[in-house]
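A, B and C are the chain letters, set down in written order, and residue numbers restart from 1 in every chain.
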């Protein structure tokens, strides 16, 4: 492992910052998308959210589970399960001092696969498009984790 | 982007560490709160957790969904969806070398909005208190992400 | 707080990188485990995932909730709620310049408790094995957070 203090000021670190921010922003946008589907489908999880209803019966009817809302929420959950490990392992990978081109390849493959994953999940596209997008993203993170572990010592 | 190696030893970094730790601890406390509601409401998700029941019928009756438990779990999930992006983007923002006063403003607005969000969700307070708290927190994180992306180059 | 720029190149940081990567990889492996149970139990959440079904009735029958799948998913969710706080607080703790032996104790206790937690959840083992594993992990993270906050100033 090379001198970390120099690496953190490097091109690789700047690239990581940019791609990590982009993919985390994409993940955050699933929240407003869930809100959008909740309002257009009139489907809420909390009684205090049903203020647009006029009668108590209407309020109760809005406390339901909607398949479109659940689809967006599953996509958001899948993002949490995949994008956060990418950020953690990607940061540690950046500090091992990889080549800029190799690092960019990892970051771009991951971010591209997750953008496609969201499209494939929300539309939805027929399988195996979503499954493949998920696997490619996992592969990029595993490849970075391999480099982190092989440049370490317990 | 200024010299990162000096910035990481700065006042801004110390402030980030403190506020990030506080808000992550707040998020972690949702777990014991869920446990508290599960025990007082006698409502569990796993058969092996129903040891306090005396008869097999009692055990089965405890495997249910309780609205209070679900409310705390939704609050915890919302924390995961908002606080983790804050930590990631906040760390990268800290490394761009912002003014201490601007950084403190972002960190304090975010942490304050999430503390209020938890109160508004668990009590619950009438809307739009929870919705506004969520938006203010998102706004603080988006504002930091804007600075990260504008001081970067792909 | 000592000079951060030297600490980031230290033994403690290398140890943190290794243990954080191991425990994040463990968390990521819950995704393929969920997929494995979904395929063997023929239990899916999305209509487009039921391609193995031959008739439309079979497809609908595969859109169900299976207790084994839900158990693995709850274990994955518990990982997200506990391992991500460990990574965040563990990184900040590493930067406070702790003794290597104290730091290793925290990292090993946490990672060991989470590995045992997964075994106790998926098999499952009788309680309180899972509950204790969860508490030990929380304790390690809280202990690191205490050091972070006591070496800071607001």
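In the analysis below, a residue touches a chain if its C-beta (ideal position, glycine included) is under 8 Å from a C-beta of that chain, and two chains touch if they have at least 3 such contacts.
The model shown is predicted, which means the values in this text are computed figures rather than measured ones.
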Relative orientation of copies chain A and chain B, as a Cα rotation angle in degrees, nearest 5: 120
Residue-number overlap at the chain B/chain C interface, same or different (half cut): different
Computed distance of Cα centres, chain C from chain B, in Å: 17
Sequence positions of chain B contacting 2 or more other chains: 5, 8, 80, 84
Interfacial residue positions of chain B with respect to chain C in the complex: 5-6, 8-9, 13-15, 17-18, 20-22, 24-25, 27-28, 30-31, 45-46, 48-49, 51, 76, 80, 84, 87
Residues on chain B engaged by chain A in the complex (per definition of touch): 1, 3-5, 8, 70-71, 74, 80-82, 84-85, 88-89, 92, 95, 124-127, 130, 134, 138, 141-142, 145, 148-149, 152-154
